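Both of the next two complexes hold chain A, though its partner changes from chain B to chain C.
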Partner chain A sequence: MKAIARRWGSIAAVLVAWELAVVSGAVDPTFLPAVHTIAAALWELATAGEVWTNLLVSTYRAVVGLVIGSACGVAVGLMMATSRAANGFFGPLVAMTYSLPKASLVPLFILWFGIGDTTNMLTVFLATLLPVVVSTYHGVKAVPQVLVWSAQAMGTSRGEILRRILIPASLLSILTGMRIALGFSWVLTISAEMIASKTGIGKLIFLYGESGAYAHMFAGILAIVAVAYTADRAMIWLMHAALRWHDAAPAVGEH
Partner chain B sequence: MSQIRVERLTKHYESREGRVLALTDVDLVVGEGEFTAIVGPSGCGKSTLLYILGGFLRADAGIVEVGGRAVSAPGVDRGVVFQEYALFPWLTVAENIAYGLSTTGTPKADRAAVVERFVRMIGLEGFENRYPRELSGGMKQRVAIARTLAYDPQILLLDEPLGALDAQTRETMQDELLRIWESTRKTVVMVTHDVNEAVYLAQRVLVMSRRPGRMVEEFRVQVDRRQGREAVMLSDEFNRIRNQVWLTVRRQVGATR
Partner chain C sequence: MESAAGGAVNAPARLGQSVWRAVKFTYPIALVVLAWAIAARSGWVRPLFLPSPQAVAEQFWPLLVGGEIVKPLAVSLWRAFGGLVLALVIGAAAGLAMARMRWVRWGVDPVVSFAFPAPKIAFMPIFILWFGIDDVSKILLVAFTCVFPIIVSTYHGATAVSRTVIWSAQAMGTSERTLLRRVVLPATLPYIFTGLRVTVPVALITAYTAEMVAGGGGLGSALMFAQRFFQTPAVFLYIILMLLSGVVLDQVMLAARSRLIPWQPEEDA
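Right, the complex of A and B next:
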């Protein structure tokens, strides 16, 4: 009970304060709809099915972009950490593009691929790729030398060192990178959909916002927040399960 | 028959201050089944020498042979125990011990029995499925030694294997090591900074100079270790050699800088 209060207490407090501020007339509901109005709008969107189909579309884009981005990110990170040539080739590219806001490329992608899934996924792909590259690279670089040496002393071949030592030893770092990428995947999906899509929860939020239906806009935001939160919890659970052996494994109740 | 032969070995390493000479003109011969300890001031390059024997580092010049063949890479003929244990934290105790069995071709069916035998030897029954982070320092070190013994290398290279343990655990582990060596008669080269430990365990103690390291003196230790720790430690012979080794190391530490 106490744990639940600790986790949800602050959120409940904000919602109550929000509701009171609007209902009491301190804030004009035209500028900020009351919580109960948003709840009603969410109910309306959910029963009409509108929110589900759009969530499905957005989740599909986010997940495909994330999975491909993470897979490529791990591969590139491993190559950079184990090969000087690969590091020389990818290193400058990663450094140059790391802090580039990926959403700024959306107009270019629209030019190339038009409006729709490809543009959205490509944006997510780029945004998730880099944090995974960087965290994989640093994770592998931080593997203690003695672990590699003792594996070699016990007859582990060069190729096997990667699979049996470097990947498990840097798993916390790799998965942490993926968790950050997971967060980016929602941000970029929503942003890209606002500019370059006819469907998706981002487009829904954008349309309702533009037409002044702010309660419905908030309902859309709430829906995507719920999905993103659930996905993050699932990621934490996965990390916990995969890293039971690790000193610094995240506990299931952690943030 | 000599199993390890090192002649005129030289090794540099790069540091921020430039090229540093770590080892110079090192000669070392270790016979089969012999327990040799190397002591010396910290930074004298004794661990570097061990890493070269292990095949992890390459000598700049000189001969390094194990079993008559030049050392060019790590090999399963040489088992290494590192100071920081170097257990694989993502593997359980049993999986760590089984690791070397999987790479050296022990059939899967036989691995469980070998693991069980070594778990019993190090007294960790009931801990087979624990991860290293759940073990004390002494337990980790026992697992590290068992992991290396399990795939049966002819040579053991021990890099301050007990350096991180408290005094009591350390003594227990020394006796354990002695018992293992007496029952297996493997060739052992142990690097330590503990003079007592070196003289108590080894048949031969080599003292290295301060950096750049080279061998300065050799002591043969002829005490009957079967009489037990107390008798050995209190014997005149043990103390005589211990004092000599200690003085030799001390002179190296204090040698002109």
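Right, the complex of A and C next:
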């Protein structure tokens, strides 16, 4: 109880201060709708279904892009970590394109694939690919060579080493990269939707803003922030679940 | 004498080594450009969709002379840097205060944990509503995006300062302000810098993206204009400029780090 009070106390204080500032007339409600107005708008949106369909569309785009991007990212990262030629080829490309804003490719993808899911998912795919590549590469590189040698000495095949040693031992790093990628997937989904889209929560927020429905705009932003926060929490939970053996496995930590 | 002779022998070898390193780094990029050139030249793809590298390069001079590169780039960089400096000042101060004062930690920590995973670009319409579509809204969005990683890394750095060091300083009668300035801040600097290095590309990306979403000048707006008028070579050129600006800035940050904090070598990141 006390922990909850400590955790939420300051957020509650902010909300109360916000509500009082607007209700007392110190802040123009056109610029900052009162908390209760936004809550009402959120309730209205939640019951009308408009937000759900758009959130679903955005989540679908973010998740599909993230899953494909992570799968390819792990594959490329593993290749780079285990093959010098692959590292020599992909390394410079990753270093060059890492700081490119992937949203800048949206106009190009619109030209190639039109406005819609493909453009959106491709952007998310590229944005999620690189952090997973980098974290997988570093994770696998950090695996103690002794483990690989021991397995080889016992006649373990290459595929088996990959599956039984390299991937489990670098899982923490891979999942950390995926958590960063998860954050990117929301940013890129929303950016791409705001730049050009017919559907999605990013588009919806922008439309509310343009039509002056500011309480609804704030409510929509609150909804996507809540979804992104929940997804991040779920990712942390997944990391704990997948790595439950991690501390209990002395073979990993000893070297 | 001997060392001079040794240097003379080593110089060509060192030159050869750095040339070899440059070739090794650039060959994949050259291959990609080559594949692009072949695809564009083959006639499989219409130039409207995929202009040749040459057509893109030919855009550079007219756009440069027409003032459509330097000014938008300067506008974007100003927004990214303005936001970054703001985030650095606020973030470092908040992170240090969180580490040293319990009530600040109580107030800021939940806000950070909620805001950290939030997609900040979703707040763009709010910033437009409050500050319009020009510099201020973009600088503030960049600051809003960059401030949380800096708070977190500063806080981690400041709480990692060895207790014995702080106690020693306090035992010698150091005031809290001097302690902060002479002990905690220098020890935290590498962490702040790590946070900064992470956020430099983020600042640039946020500035470009905000310009693409909301207009109002800058390289991002220029890119959207080029696309609207189907000037695909210019679209490619702007994308390449964005890419290069990020790479150059990252190198600048690396160089700055080794100058500012020479006592702590960069981890191989």
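Observations on the model:
What we mean here is this: the second predicted complex is superposed on the first by the 246 of 255 C-alpha atoms of A that agree within 3 Å, B and C clash if a C-alpha of one lies under 4 Å from a C-alpha of the other, contacts with A are read in each partner's own complex, and residues count from 1 in each chain.
In this text, a residue touches a chain if its C-beta (ideal position, glycine included) is under 8 Å from a C-beta of that chain, and two chains touch if they have at least 3 such contacts.
Because the structure is predicted, anything quoted here is derived from the model rather than measured.
When both complexes are superposed on chain A, chain B and chain C end up sitting side by side without clashing. Partner contacting the larger number of chain A residues, of chain B and chain C: C.
Of the two partner chains placed by superposition, only chain B is touched by A:L171; chain C is not. Using the contact criterion defined above for the overlaid structures, shared-chain residue A:W52 touches neither chain B nor chain C, since it reaches no partner. After overlaying the two complexes on the shared chain, residue contacts for A:R244 are found with chain B alone; chain C is out of touch.
In the superposed model, A:L147 makes contact with chain B only, not with chain C. When the shared chain is aligned, chain B comes close enough to touch A:G155, but chain C does not. By the touch criterion stated above, A:W18 is placed in contact with neither chain B nor chain C. Of the two partner chains placed by superposition, only chain C is touched by A:F89; chain B is not. By the touch criterion defined above, A:L108 reaches chain C but does not reach chain B.
Using the contact criterion defined above for the overlaid structures, shared-chain residue A:Y98 touches chain C, although it does not reach chain B.
For the pair chain B and chain C, the least inter-chain C-alpha distance in the overlaid model is 14 Å. Per the touch definition, chain B reaches chain A in the complex via residues 51, 54-56, 73-76, 78-80, 82, 84, 86, 88-92, 99-100, 103-104, 131-133, 147-148, 151. Considering their complex, residues 144, 146-147, 149-156, 160, 165, 168-169, 171, 244-247 of chain A touch chain B. In the complex of the two chains, the chain A residues touching chain C come out as 6-11, 13-14, 31, 88-93, 95-101, 103-108, 110-112, 183, 186-187, 189-191, 194-195, 201-202, 205-206, 208-209, 214, 217-218, 221, 224-225, 228-229, 231-232. Those residues of chain C that touch chain A in the shared complex are 24-29, 31-32, 48-49, 106-111, 114, 117-126, 128-130, 201, 204-205, 208-209, 212-213, 220, 223-224, 226-227, 230, 232, 235-236, 238-239, 242-243, 246-247, 249-250.
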